[in-house]
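Both complexes below contain chain A, partnered by chain B and then by chain C.
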Partner chain A sequence: MAVAALQLRLILCPGARGLRSFSSAVRPAAGPRSWQQCGEPTAAGEGCKTSLEAVAIPSEVMVTLQKALPPRTEKMDVDQDWPSVYPVAAPFKPSAVPLPVRMGYPVKKGVPLAKEGNLELLKIPNFLHLTPVAIRRHCAALKDFCTEWPAALDSDEKCEKHFPIEIDTADYVSSGPSVRNPKSRVVTLRVKLSSLNLDNHAKKKLIKLVGERYCKNTEVLTITTDRCPLKRQNYDYALYLLTVLYHESWKTEEWEKNKTEEDMEEYVWENSSSENNALRTLLQMRAAESGVAPSRDELLGTREVEDYRKSVVQLKNEGENEANLTQYKESVKRLLNLA
Partner chain B sequence: MKWAPWSNLHMDVPKDLTKPTITVSDEPDTLYKRLSILVKAHDKAVLDSYEYFAVLAAKELGISINVHEPPRKIERLTLLKSVHIFKKHRVQYEMRTLYRCLELKHLTGCTANVYLEYIQRNLPEGVAMEVTKTQIQQLPEHIKEPMWETLTEEKEERTS
Partner chain C sequence: MAASASVRGLGWRVLACSWELPCTWRALHTSAVCAKNRAARVRVAKGDKPVSYEEAHAPHHIAHRKGWLSLHTGNLDGEDHAAERTVEDVFLRKFMLGTFPGCLADQIVLKRRANQVDICALVLRQLPAHKFYFLVGYSETLLSHFYKCPVRLHLQTVPSKVVYKYI
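Take a look at the complex of A and B:
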């Protein structure tokens, strides 16, 4: 059987030596003739009688080499429908693009290489499928799936008023071994405290609970969550945190009664050392002058004490500047009857 | 026996592709105040073409868009040129990343999905994209009022 096969090979490729076949081997394509000459390969065991003479190749059977066809660009007219030539992203085909593009670094006193067989033109991504005509057609088809932005929400303030919560999410698209990006599970929730239904005590408690996440200048609470593996889990967790903070800040615990002066967020004049000192001084002054000591409430109601209180509160809360200091000076002078 | 490939992939193209139907559902559309798309590539020409495509697509779909170009980043590394010794002869490589930022304002959820899918399907090879969405929402129902009054009422109802 193997002997018959080897002898068949010798007929079909007369130049063949050994068992290897090479791509440059010239095969006489006279299939039917050689079969007839050799006879059908008989059953195993019987070799066929062959002759090792050269086989004549008839011209009709031989494959004729054709001249290369002219490129498609010569048949294209100027006002053809280009999106039908390149409907999708495809590599650059020099025979299908009628532009005389040249690309490549030229040799000395030379020009960049022509487009035929140019690897640089193949490597760079081309946008031949995204001409303005094609983009307009795509958008016309996609327009049916779009909805309009509500006309009543044209400014940022209106958006803020009706939709106070802002949620930031991120998506990442890149090519690589994996489609996933671990940064995409981060969710940031931002809300302005003025849009939440909070009273004074609740607001102060919320700010203390939240700590670093509240910005005093813009009054915005920012909650960033990334402890869960999925984005929607992080979103649910952020909303849960906001709900818990809101409801906890409305509760008043027993230990909150022990709030001392160091815990206060802003300066409060009532029951402070400044009030005690001022009133004690005034009482001593009035007692020394007239012998009649007025009560503390009367003194608190007078205008000088009111002015003094206002200037001290302003100094402590807003810091020291020219206007505050002059106001404090005037009020002290009036209080002590020096002006 | 020579293997000739034969498959029906390119022969059985479905001729009657119907247009995808538009379904309208009752649930309210999400609203995006801002959509920030950062595109990163190694080639400025590719980024320019992509920006032209994205801007034209946004204008056709009626979305307001602004484009700005953050400065490029170059990462350089210096390696030894030879496998063994020759410390004085090195070779330097660099990776240039160029950026383009497209900012879209005031989009609905449907429009954002349509635009992003269109943009992302036509993203060229070798270009990466990061999308940051800012969604605006109303206050959820359970934050409107503190629950402690309703809780005490329920407790009274249960005990009485």
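Take a look at the complex of A and C:
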């Protein structure tokens, strides 16, 4: 009798091997159990039903009695509440998803595998818990914990005026028991120099002190700190750096008097070689013409010299382009009375 | 080829040195090295061996026809702790193999979401339901205490191993 049961089991489950199949063929003699098809007997025990019937049945018939309950999909309405089927992120349950999904590379002249027992469907992350209905409910529940955006801050300029300093930090989430990530200690502080109270000298000194951290096009100073192990330490350090830079740029040291022409950020015409050359030429010209040498201040006050000064400053600071060059040409011609 | 030639040569020299008995020298037969890939492949049989989808596809089909059995952020660019997750995976697979003897229909799928581990397993209906419930509770409790993280087990029962093709 046991031998017959074993043979029957081997026919039904060709993958089953020797001792294990024998022991499981013997076990059903204790009483059949009915199975929920593809059910998940999780410890939470949600939605699983098993019924026990202790009936004495000969063991040859025993193996056919492990029947499963029909899947839950057959009892689902079309307009059911889906977020209660998948309230949280959960693996794919073919008995709970009423879609005829198929996945897998088909054999020749075949179709992809069905959803029951499909490992590929288990592997991929599914978003069955994130239907629009579910998300709408989440947002409605979260709304109670949100505060309104302040009505006074309705434009970018106002935000910048009241909150000139912007701090960028990043937090990292990864799978594993540890929340620590060394990349999260980086703090970036951005501020527009126009919102700081700096005079001409202080602004130039600050720009020289920070070097690469200042962007000329956007006038934004960016300070990135990551030398401390904690984010709040780096944030304090960044604010400290900003304070120190501000105060240092307002001070004038002794050695700043030795600033030469090469250190200048922009071209300054006063006391430059161009000014000297122009004035010397003009003085010589006037002296040759009329024999009376006008003073330098008088020459500086004339309109031609002003135009010349403006065009030279523009050329040197902004670079050479069509407009600047023509303006320079005109001013030189007028200066030397060639026009 | 070179090995056999040198051994043959040695054999001849030996023969030349001590001629005692005719034709009792033993030669070593070697052939060219055949370095076939054997990783995670089920070798073809006569057409009667049933294989599942997972077994039927070789590792070079991963990301083309197969997904990954274990999903975690450790293997992404610039992320840490890949080795720790891999060691945990190895232990979890061995643990599941031993806790559900003869019941696993296919490989375990491990998913990690923040610190939670989801173990998804396909099981055959070898055991009665109350035994399965006990094993699930036992595994979840033991592994959660062991790894200090929530570990959840999701079982899916199938009547028999799902056959993809016969090779």
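We take it that the second predicted complex is superposed on the first by the 259 of 339 C-alpha atoms of A that agree within 3 Å, B and C clash if a C-alpha of one lies under 4 Å from a C-alpha of the other, contacts with A are read in each partner's own complex, and residues count from 1 in each chain.
FYI, a contact is a pair of C-beta atoms (placed from the backbone, for glycine too) under 8 Å apart; a residue touches a chain by one contact, two chains touch by 3 or more.
Model, not experiment: these values are computed from the prediction.
Contacts of A:S175 after superposition: both chain B and chain C are touched.
By the touch criterion defined above, A:P94 reaches chain C but does not reach chain B. Using the contact criterion defined above for the overlaid structures, shared-chain residue A:N118 touches chain C, although it does not reach chain B.
When both complexes are overlaid on chain A, the residue A:S290 reaches neither chain B nor chain C. Of the two partner chains placed by the overlay, only chain C lies in contact with A:Y105; chain B stays clear of it. In the superposed model, A:F127 lies in contact with chain B only, and not with chain C.
Once chain A of one complex is fitted onto chain A of the other, the partner contacts of A:N200 are absent, as it touches neither chain B nor chain C. Applying the stated contact rule after C-alpha superposition, one finds that A:A68 touches chain C and leaves chain B untouched.
Shared contact residues of chain A with chain B and chain C: 89, 124-125, 173-175. Within the complex formed with chain A, the chain B residues making contact are 22, 29, 31, 33, 43, 45-46, 49-50, 53, 56-57, 60-62, 106-111, 114-115, 118, 120, 122-140, 142-148.
Across the complex, chain B is touched by residues 89, 124-125, 127, 130, 132, 135-136, 138-140, 142-150, 153-154, 156, 159, 162-175, 195-197, 202, 239, 242-243, 246-247, 250-251 of chain A.
Contact residues on chain C toward chain A in their complex (touch as defined above): 50, 52-54, 57, 61, 65-69, 71-74, 78-81, 84-85, 101-102, 105-107, 109, 111-115, 118, 120, 122, 124-126, 128-130, 132-133, 136-137, 140, 147-149, 152-162, 164-165.
Listing the residues of chain A that touch chain C in their complex gives 12-16, 20, 24, 27, 33, 35-43, 45, 50, 66, 68, 89-91, 93-94, 104-105, 107, 113, 116-120, 122-125, 173-178, 181, 183.
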